[in-house]
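In the two complexes below, subunit A is the common chain; its partner is subunit B in one and subunit C in the other.
Showing the complex of A and B:
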């Protein structure tokens, strides 16, 4: 669309300018999508380019290298030992020996597990030997003879694959070091020994020391389980096929295809309901908190208001008291027996629509429980926003207000032209964080409404009753912990949550001006 | 001239009265807000002192006041749950602080190859619901005996292991410390470790305390992970799971345990609130810093 220059833009009337901005926003969308794909393409291209470069580099090292360097292509660390790095060389060699013994020599080693998994071949089981009750002629009884445990087979298989990948990474690493050593040697410079290596761990290589424990924890407890669970989405792992009593098997894309069922009780319909409410919830929860919190912060911060500290402390109480206590208690207040719930019933304040359907508590009607959730979330979340808004308000340069007052601006104009733009500019990124946080806000929903009231039109989905206020995350929890333990369904839902969050974040990061330059503040 | 003066005075008078009116309105509003925010806390204390019945009632002020609920509370499993949670809070605050500080410091102040990639990787990883990891972790932990009554130990590992991913707020803090400090120390011959330990850490008291505080508070509010590792084992519960079962448990659990739940709520809230309020200053710094940096 046609871009206006600054002068033309200023000539527009207010409504024209608004319309222009809206059109501008939408006209940019194709460009974002294009830039997204371009970025993706560049990343992939760079990856393959670096592979090619690496291959050339390896070839180069092999051609130029002496016998020790050539030897390290099959026997790890030879090049290191030749150039005097005995400790590194031995560690590389040890790694290679362990890898070969584990993968090829041990009877239940890497190859054994990798073969047993039957990766993704539809219909095949994970593991080969089904445990069963078998007759034992010696004791003349029937007993359980354990077979494979699919969960374990898949886990060991996955770990073995990781090990193979690690093998190639280490292989490449030590060849690179050979090359560095060759170059240093050629220039007649000193090659680092074990002592230098250790010393550099608290100096040049200090980042490695600091990162190792955290990264190890993240890899073992987040990366590995997530990869595992993504794989589970292609199996039928649930309580019936729990792996040891009954092997689970590969089902291809069946679990995903199930979401195209839009009939009654169909997963597609249920997903639509959940995504709709999840988005609505995150939107209202984020923005009501944002504006109400800012509003209260501005009131407390106003010149001439006294006891500023007292007001803040009262609000901050809700942060200090553990959320589940206050949430469970407040949730009960609104139940039919609770103080407020009973009062509403006695005073006949419940809407006629609800009474007619015999819904005697605010939690038993879909609309009222949704509104109530947003309101209670206000009670929980406003103090956080109030605190951060207070901090930011104090940072707004006072002379901005001074000069605007001299120019005759009233306080509404000051808010619209100074406070709000400034706040939006500074808190933009954190708005996204809290939006995503609300998409996955398990505690509030689960502790207050538990996902209820039940959505009778959809009924039972995946062995669980879908509620009107179920977010994706609460339903994921129900599916996992409820009877039937449909882990594969949980996994598919988890992938949907990921796609959902990633998509939103991409949009928001593209829309926002790149305000997040790290070096800005230092 | 005279005329002008009086009109100015008049104007300032009207501004003054207008100001007074707005202030009164604001005070009224703030008082209403305070009442709304405080009522649940007053209510829970009153409920915990109510003796005439143990279930939920439709009136606010108790008819008989006493400490029966607290006596019952200390004879129940609650002290055990409380200890479990306290232990988790202390352990998590120690380990998590170590992980978060090392991660955020490295990403903020050290420059190395792959730094941006690492940050993007963790950003993407964080978009998966963390609960998903629990299915595999539960399976492995139950083989290792870290579930049910040993769940507190398992939970400490779960809370701490991946905590490096929550580096954002403290990285924001480290970003604000001038780089010239590091450079000056490096010129004087300090190693990177000495810069970290002797230059930056002494300046980072607010964020260290903030991180400790967050670590301590986290186990008190976690229901999701805890429920999954504990299942229904009474000895291994944390307060959130135990008290949830009192309220939402099967049968007449609510009827029998409601006032006890309130007493337990008071017992849980008091220590946490004291810790929180005494360190509130650091919390506010952390929150505002985090909001500014995102």
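Showing the complex of A and C:
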């Protein structure tokens, strides 16, 4: 769209300026998205370039290397030992031996598991032997002859693949070291021995020593489970194919394709409903808390307000009670059997529209339950925002306010030009995190409305009743823990949540003043 | 400086070891049998005592017992989460048997044990424990049905006979009726209603399972019919009366549809005015129908074992715990209605007020066969539509058509 220069912009009336800014914001979105993809493309390109460089480097090392270096291409650590790094060399060799023994020699080792998984080949089962019941006439009982357990087969298969990847990483690592040794040797410099290595691990390389345990922990407890869960999305793992009594199998992209069904009860329609409400919820939950918290903080901070500590204490009381307790309690209050709910009904205070539809509590109407959720969330969330806002407000240099007052600014102008930009600058990243947090705010929704009222137009989805206030995350919980235990569906939903959150975060993060104008307030 | 490094290194290693320590397993010498029972206060201790009696009776078995309280309504979900680490024996409500068998979490009974169970228990409970051709569980009690509790100071015995009477009384007194129709098991009562004075139930829904018990292979279902519309109209009349609550809780109510497990709460709320009877009747288009129900039971199941000695022990223990004497003991302690025929004939059992109400209702009840788990949600979906006012016959017909489409899709060809 057409950009105005400063002079033209100042000529616009207030409403025109606002309209101009809104248009400007939306016109920028395609550019942001484009830059996002460009960045992504560059990253991918760089990755492949570095791969190419690595390959050239390996070739170079092989051509220039002596017999020991050439030998270390098949027998790990030969190059290290040749140049006097006996300990490193032996460790590399030990790793190679363990890898070969586990992968190829053990009867239930790496290859065994990797073969059993039948990676992603549509229709094939994960695991090969089906467990079965067997009758024992002597004891007159049925026993279980164990077969494969798909869940374990997939896990061990995945671990074995990780091991193979680790094998190649270590292979590359020791070749790199051979090259370094060659160069050092050529320059006539000393090559580090075992003692130097050990010493450096608690000295200049101490970070490696410290990070190794946590890195291992992250790989085993975070990266591996995430990959595992993503893989589940391509199987039919559910109550009927639980991997134990019935092996589950690969279904390709069927689970994703199911979301293109926009008919009644189709997942596409349900997904649309959920995404719409999830976005709406995150928006309202985040910004109502943000602004109310800020206003309360400003109010209490005002000069001349007495008993400041008392007001703050009263508000902070809600934090003292565990959140789920207060949520369950307040949720009950508004139900038909709760004090407020029963009062509203008996005093005929419910809107006529709801009564006409037999919706006798605030939780049974989609609109009123959505409003109630936002309001109750406000009640439990405002104190946190108020506390952090109080601290930030005190940090704003007082001379800014003083000089603006000298220039004749009123308090609204001060708020719009000083307080709000400052607040947004400082709290931008935390605002983003709380937005993402609200997208996945399971507690509030599940404990208050449980996702209800039931969406009768859509009916059952995946064996579960979809509610009007179901977020992606609460519905994910329902399909996993409900009767059908559709783990694959939960996995697909989880992937959607991830894409959704990652995409939004990237866009918002890129337009945030905190990242764009980093120098402004420093 | 060195000290800080040392400390941080130790901490980092400690973190890692702690992470992995949780994965370690201990080996045990003596056989330990795990048994899950109801979470009701005192039940756990009582089973421990009954197992001790069994040990005294059978000195040939040397084992440790670990009794844990896990909800009977929730047992299948917990067990199926990982059958390999699930308890050896567990109590569950019969509606979960289909998915337990499908998940390979129940060992069929040996032929002798099956004969004993068939001979000693009422037909409803034996039917509930049978999937395909085999018995898969031991009946524990035959009281898993629902009936009407009411407050006799608000509702007269005459009014309690019809939904219309109850609604009238509740409207006058500003009280509510609790009937959680969003739960398929209780909520299907209207569809199984039958005309007063005799006649077939409005609808039926009977599932046939494959011989191995794993999949539903056929369905005989008449919900999608004019009779289904009658049932929905009846429920709609109740749900839009302004006094209906979708709940099982007694607060603020004068009448609640639920089962024996709520006896204490009912007594606490209604006191001496607590009364119990069969479910009421309702009138649609001039014809009066008696509300139906499911009669069901609680079962005890044994997990399939790889060790036959262990399987034998579990089978014997299960037979003991579900024997007539054991059931009678539990009746005296917790008022659990027995499934054992001898125990049912006991005079004290026959005199029980709640069990009498249950027996009255059982005349109109459909013995709950084996039903796929997803069926319940479909009934609940129908009932959610009944709870909206302004619905016409066409809306109900459309809903029933959707219902038929969805339940037919559950059949495994």
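Brief remarks on what is shown
By definition in this document, the second predicted complex is superposed on the first by the 496 of 522 C-alpha atoms of A that agree within 3 Å, B and C clash if a C-alpha of one lies under 4 Å from a C-alpha of the other, contacts with A are read in each partner's own complex, and residues count from 1 in each chain.
To be clear about the criterion, contacts are C-beta pairs under 8 Å (C-beta built on N, C-alpha and C of every residue); 3 or more make two chains touch, one makes a residue touch a chain.
All of these numbers come straight from a predicted model, not from anything done at the bench.
Applying the stated contact rule after C-alpha superposition, one finds that A:490 touches subunit B and leaves subunit C untouched. Contact with neither subunit B nor subunit C is seen for A:413 once the two complexes are overlaid on the shared chain. Shared-chain residue A:131: touches subunit C; no touch with subunit B.
Contact with both subunit B and subunit C is seen for A:206 once the two complexes are overlaid on the shared chain.
Judged by the touch definition given at the top, the superposed model places A:296 against subunit B, while subunit C stays out of reach. By the document's definition of touching, neither partner reaches A:46: not subunit B, not subunit C.
In the superposition on chain A, contact of A:337 is made with both subunit B and subunit C. After overlaying the two complexes on the shared chain, residue contacts for A:501 are found with subunit B alone; subunit C is out of touch.
When the shared chain is aligned, subunit B and subunit C each come close enough to touch A:214.
Counting the residues of subunit A that each partner touches, subunit B and subunit C differ, and the larger count belongs to B.
In the three-chain superposition model, subunit A touches both subunit B and subunit C at residues 202, 206, 209-210, 213-214, 217, 220-221, 337, 342, 346, 481. Across the complex, subunit C is touched by residues 131, 133, 135-136, 138-146, 149, 202, 206, 209-210, 212-214, 216-217, 220-221, 239-240, 242, 244-246, 264-265, 336-337, 342, 346, 356-358, 360, 454, 456, 459-460, 463-465, 481-485 of subunit A. By the touch criterion stated above, subunit C contacts subunit A in their complex at residues 5, 8-9, 12-13, 15-16, 19, 77, 80, 82-84, 99, 102-105, 107-113, 174, 176, 182, 214, 239-240, 242, 245, 247, 249, 251-252, 304-309, 311-312, 315, 373-374, 376-378, 380-381, 384-385, 387-390, 402, 406. Residue ranges of subunit A in contact with subunit B, taken from their complex: 151, 155, 202-204, 206-207, 209-211, 213-215, 217-218, 220-226, 228-229, 232, 296, 299-300, 302, 304-305, 311, 313-326, 328-330, 332-333, 335, 337-339, 341-343, 346, 379, 383-384, 387-388, 390-392, 395, 426-430, 432-433, 436, 440, 442-443, 446-447, 450, 473, 476-477, 480-481, 487, 490-491, 494, 497-498, 501-502, 505, 516, 518, 521-522. The touching residues of subunit B, when paired with subunit A in their complex, are 19, 23, 26-27, 29-30, 33-34, 36-38, 40-41, 43-44, 55-60, 98-99, 102-103, 105-106, 110, 112, 118, 122-125, 127-137, 139-140, 157-158, 160-165, 168, 175-179, 191-193, 196, 217, 220-221, 223-224, 227-228, 239-240, 243-244, 247-248, 258, 261-262, 265, 268-269, 272-273, 276-277, 280, 283-285, 287-294.
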